[in-house]
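To keep things simple, chains are lettered A, B, C and D as they appear, and every chain counts its residues starting from 1.
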C-alpha cells in the first residue's frame, strides 16, 4: 500500500528517522505504515493513505470531491490566494485540505473526514468547513458515527474571519450529533493546533491521538516567544496532553483501525433505549 | 433583635473581637448583626437569628419542627448518642441541627433551611437530611426557590453510614429542582465543611458565602497533619474559595438579605418560556 | 423508615432496620447475592472486616475489570486539568454487552500505591468519573462503578481545586443519570469520596467490604480522643457488610471465597460478574423515568428518625440568655 | 452561499458577499444599527480601526455593563479551578428584564491590564463563561456576550489546562444553548478566543470594532515574514466593521459617537443598549427550537466556495511519486 508522502523524506530510496537517526529504506517504511520500526516515530502521512489504512477495503465513497475555495477577500500577500491554492493542489494532489466520504470501519458504517497537512498546512477555510458539516449532517441523517482525523495548523488566514467562523459552523453540526446520541470520534495526528483543536478536534466523544503528535492551541514557538519561559518536557505532545486530561488514548498507528472499530461499535447509536446487547 | 449566641463570648456585657481585639459591648454587637463594627469579623450566629435576619418580617412558617433523631446504631462513645442529643438540645434550644420552613424574602416566596452549628457542630444526620429533602420537595411542588444556609462540620458520626447517605438523599432532591428550572441558592457560613460542603453546600445555582467563613472539604487541621506542609494564606476562607472558582460572591451579612432577594427574584422559575419581563 | 421511638432506640438489630433490607425490592434470590442479614453465619468482627477490606492482596478495580469484563479500553482524563490515576474507567464488554465502567484504583504494592495515590482521588478523578458517566448516558450504556478508596485525598491542592465540589457534582450527576447504574463496594468505602461513585439503582458490596462515614481511626481520634480505639470505633460505626445490609445502605452482599477475596481473585470476579449481570438484566428494560424515580426513592427512604404526632415544644431560652450564650 | 466562480473571484465587494448581509434577516431598520454596508460613508482605514479597537480609553466590558445594565451582580468562578479576572459575568437587569451578561474584560490602565491579563482569558475564563451560559439556559434568561480580547492567552499553563478544549466547549455550548443569545464585539475580536463568546442568534459589532482570524501582526509575521507589514495585513484580512458586515460575519454595526467610542462612553452605551434591547425584544418570543434552528443556519451558511456541477478530476500522481514526495 502506498503509505508514503512525507516531509522528512530526503532521498529517493531511504529516509533518516528524525527521532532515532536510523536509516530506513522507503519501501520498508511504507510497509510499516510509515512508522519507524526502531523507535516508533510516526511519520506524517497524507489523507488518502490514512483513509486506506482506516477503512474496510473498498468501502470508501468520497463525497463532495470537487468543492473548491473561492477568494472572498481577494487576499494577496507575497502571492495571491488562488495561486497558493494551485500550488497546494500540485503539491498534494488534492483539491482541498480535507477529504470526506462514507465508509465502513470494522463493518460499522461511518462518515469520515480526513485532513491533509500538505494542503496549506491542513488549514481550515470555507471548503473544509462545508465538507465537514456535510459529513456531520449525513451522520445525523443516517445515524452513523462520525470520525474526523485532524492534521492542521489551524484556520486559513487567506479567508480571514470567514475561516474563523468555520470553527463555529463545524461545531454546530457535531454538537447536533451529541444531542442525538450519535458518536463522534476525533483523531488527532501530528500536528493538530489552532482553530481545529479549539473546535471540533477537542470535542469528540472520544479523542484519540497518535504517539508524540504535536497537539496544542498556540504553536509551541508562539508560546515560548510570548512567555519567554522554558517549556516542560513533552509539552504539547500527545502523551502530555493525555496526562493533562484532554486525550482519551494515545493509539499507535498499527492499532488505530481496530481501536476505532471497537469504539464505533460499542457506541453505536440506539433509538434511546438502554443498550444491553451487541 | 436578639442576634447573639456566640462561642467567642467571654463575659456578660462585652466581647473581645477575636480578629482585631477590640472590646465590644454585647448590645452594640447584637445591634450590628454580630459583626464587629471595627474589623467586620462575622461572629457565628444561631439558626433562629439567621432566619430573623433573612426573611420578610413575620413570613416564616416553620415546618417539621418536631422531627427527631433515632439511635439507629445504638452508638456509644464516651456517652450515648441519645445523651448527646439531649445535651445539644439544652445547649442550643433547638430540636436538631437544621430549621426548615416556608417564608418570603423580598416578597418572593421561598423554602428555607438554616443550619445551626451549635447543635452537635451542625452535623448532618437523618433528621437534617429528611427536613432538607422535604423542603426541596416543597420547593419543587410549589415552584418556589430553595435557600439553604449551611453551618456544619459534616456528617454526624453517631449515625454512621446512614448519615453519609444523607448527602445523596438531599442532593437527589436539589438536583430535581435544577432539572425543573427552580433556583437553589446555597449560603455558606462559618464553618461549612465535610459532607455538607461535599453535597448540597456546593451545588447551588448560586453559592454565596459570608466573609472569612471557613469553607473546606477536610478540616484545615486534617489537611495540615496529613500533608505536613504549610498552607497558603487564607486557605479555606471564603475569599480564597471564591478566587479558586467555587463561590459566586462573598456577601457581608448586612447585605445578605437584599442580595438573596435579588437573586431569587431574577431567577424566579418560569414555565419554560424565555424570561423577558420582571 | 419511620418508627415509634421504642423500636428505634433498641438499636441496629431492631425490626425497623432489618425491614429496610427486606424493602430493597426484587433482587433475585438465586444464591448469587446475600440479601438476608439473618442468613449470614460466622461473620467476622468489624475490625477484621476493616483489615480484610484494606488487604493489599485484595483484588482491586483493575484486577476485577480484567476478569469481569472483556475488551476493556481505558479512557483517560477529565477534559480540564489532569488524568487522575486513582480513578480508572472506560468502555468494555460485560457478558457480551457494551458498558461503561468506572472505579477507584488502589495499588497492590507500595510502589503502585504511590502512583495511584493509595486510591485517594483528587478532584480531577471525580471529574473524569463524571465525564464517563455522561458518556454512558449519551449512548445509553449501563454504568458499573467500583468503589474502593480510603477517601478523597485531603491535601491542599485537592482543596484548592475543589474536592468538595467535585464530589458533590459527581453525586448530583448520578442521581439524575439517564441510564442504569450498578455500584459495587469492593473494599473500602471511605466516606464522601466513596459515595461520589455510589449513587446507583442497585448498590452491592463484597461480603468483607466496609462503607463508613469516617475511618475508624478518624472517628476514634475525634470521639475517644485516641487513635488506639479504632477497633472500638469500627464496631460502633456499623461499617461491615452485614450491618450495611441491615441498615439498607447496600442491597446485597456478593459472597467472597473462603477466607476472603484476597485468596482467589478469579472466584471473586465470577461472583461479581454474576451479580452485576443479573442486576443489569433486571434494570436494562426499565424505562428511564421509572429508573430515575426508583433511584430517587432508594436514597429518599434512607434515614432513621422519629416523627411524633404531637410533642412538647423544646424549651426556648429567653433572648438575653441566648445572647449571653448560657 | 454558493456562487458561480466569476462572482466569487471578484472579491469582497462582489454581489455574493453583499447579499450575505442582506440575507441576515429582519433586523429592524430603524436607525439603531447599520445593516447596509453601502450606507457607510467616510469609513476609517483598516489600520485605524485596529488602533481604535485597541484604544485604552475605549469603553471596556465593565464600563458598558455599568451603563447599559442595572443592578449588575457579578458572579465568580468556573467551579473547578479559578476565577479568571479576564472574563466577567453575572446577572443584571436590562431595560427592566433580568438577563445574564458575560464579557471579556480589558483594563483601562496598565495596572488594571496586568490584573485582567490584557483581556486574554485562561481556560478557566471560558469555563466560567460556560457556567454562566448554563445558568442563563436553566432559568430561561436571555444571554448577552461582550467580546473584547486580543485572543486567548497562549501561555504554557493555559495550554496545560486545555485552552483549546475550553474554547471548543464554549463554542459548542453556545451552539445549542436553549435561550436567546446576542453577542456584541466591543473592540478586539481576536480569533478563537473571541469566537468562544461569539456564537449567537445575532452578532453585532461596534462600528470601529475588529474581528479577525489572527492579529495583523501575527499574520504579517507568517505571510510577509515581517512584523512591520501589520498595516498591510490588517487591510488584507478584512477585519473591520464594514467588511464584517459585507461578509455576513456580523449582522449589524452599532454606531459609535463621532471620532470613536473612546470619546463618549455614555453615548456608546446608549447605542449598545438600544441595539441589544431591540434584538432581545425580537428574539424573546421565538420558540426555542426555532431559535436553535435559526442559530444553526446563521453559521451554517457562512463560507464562500465553488461547487462545479462537473469538473475535471484533479491530476493524481502515481503512487511512487507520492511515496517519494515529488
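Rule of thumb we're sticking to: contacts are C-beta pairs under 8 Å (C-beta built on N, C-alpha and C of every residue); 3 or more make two chains touch, one makes a residue touch a chain.
Everything numeric in this text was worked out from a predicted model, so none of it was measured.
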Pair exhibiting more inter-chain C-beta contacts, B-D or B-C: B-C
Computed distance of Cα centres, chain D from chain B, in Å: 41
Distance from the mean Cα position of chain C to that of chain B, given in whole angstrom: 26
Inter-centroid spacing, chain D versus chain C (mean Cα positions, whole Å): 47
Gap in Å, rounded to a whole number, between the CA centres of chain B and chain A: 51
Multi-chain contact residues (two or more partners), chain B: 178, 244-246
Chain C, residues touching no fewer than two other chains: 79-81, 161-162, 165, 169
Touch-based graph of the chains, sorted into line, ring, star, complete or other: other
Interchain contacts (touch definition) - all pairs: A-C, A-D, B-C, B-D, C-D
Chain D residues touching chain A - in the complex, by the definition given at the top: 3, 5, 8-12, 14, 17, 152, 154-156, 158-165, 167-169, 171-172, 175-176, 189, 191-192, 195, 198-199, 211-214, 219, 222-224, 233, 236-239, 243-244, 247, 249, 295-296, 299-300, 302-308, 311, 313-317, 319-320, 322-325
Sites on chain A touched by chain C in the complex: 178, 181, 183, 205-206, 242-249, 259, 262-263, 265-270, 272-278
Footprint of chain D on chain C - complex, ascending: 79-81, 123, 127, 161-162, 165-166, 169
Residue numbers on chain A that touch chain D, as the complex places them: 2-7, 9, 12, 26, 30, 46, 48, 64-78, 82, 89-90, 93-95, 125-127, 129-130, 133, 155-157, 159-169, 171-176, 178-179, 194-195, 197-203, 216-218, 222-223, 226-227, 229, 231-232, 235-236, 244-246
Residues of chain C that touch chain A when the two form their complex: 71, 73-83, 91, 93, 96-98, 124, 128, 135, 138-142, 179-180, 280-281, 283-285, 288
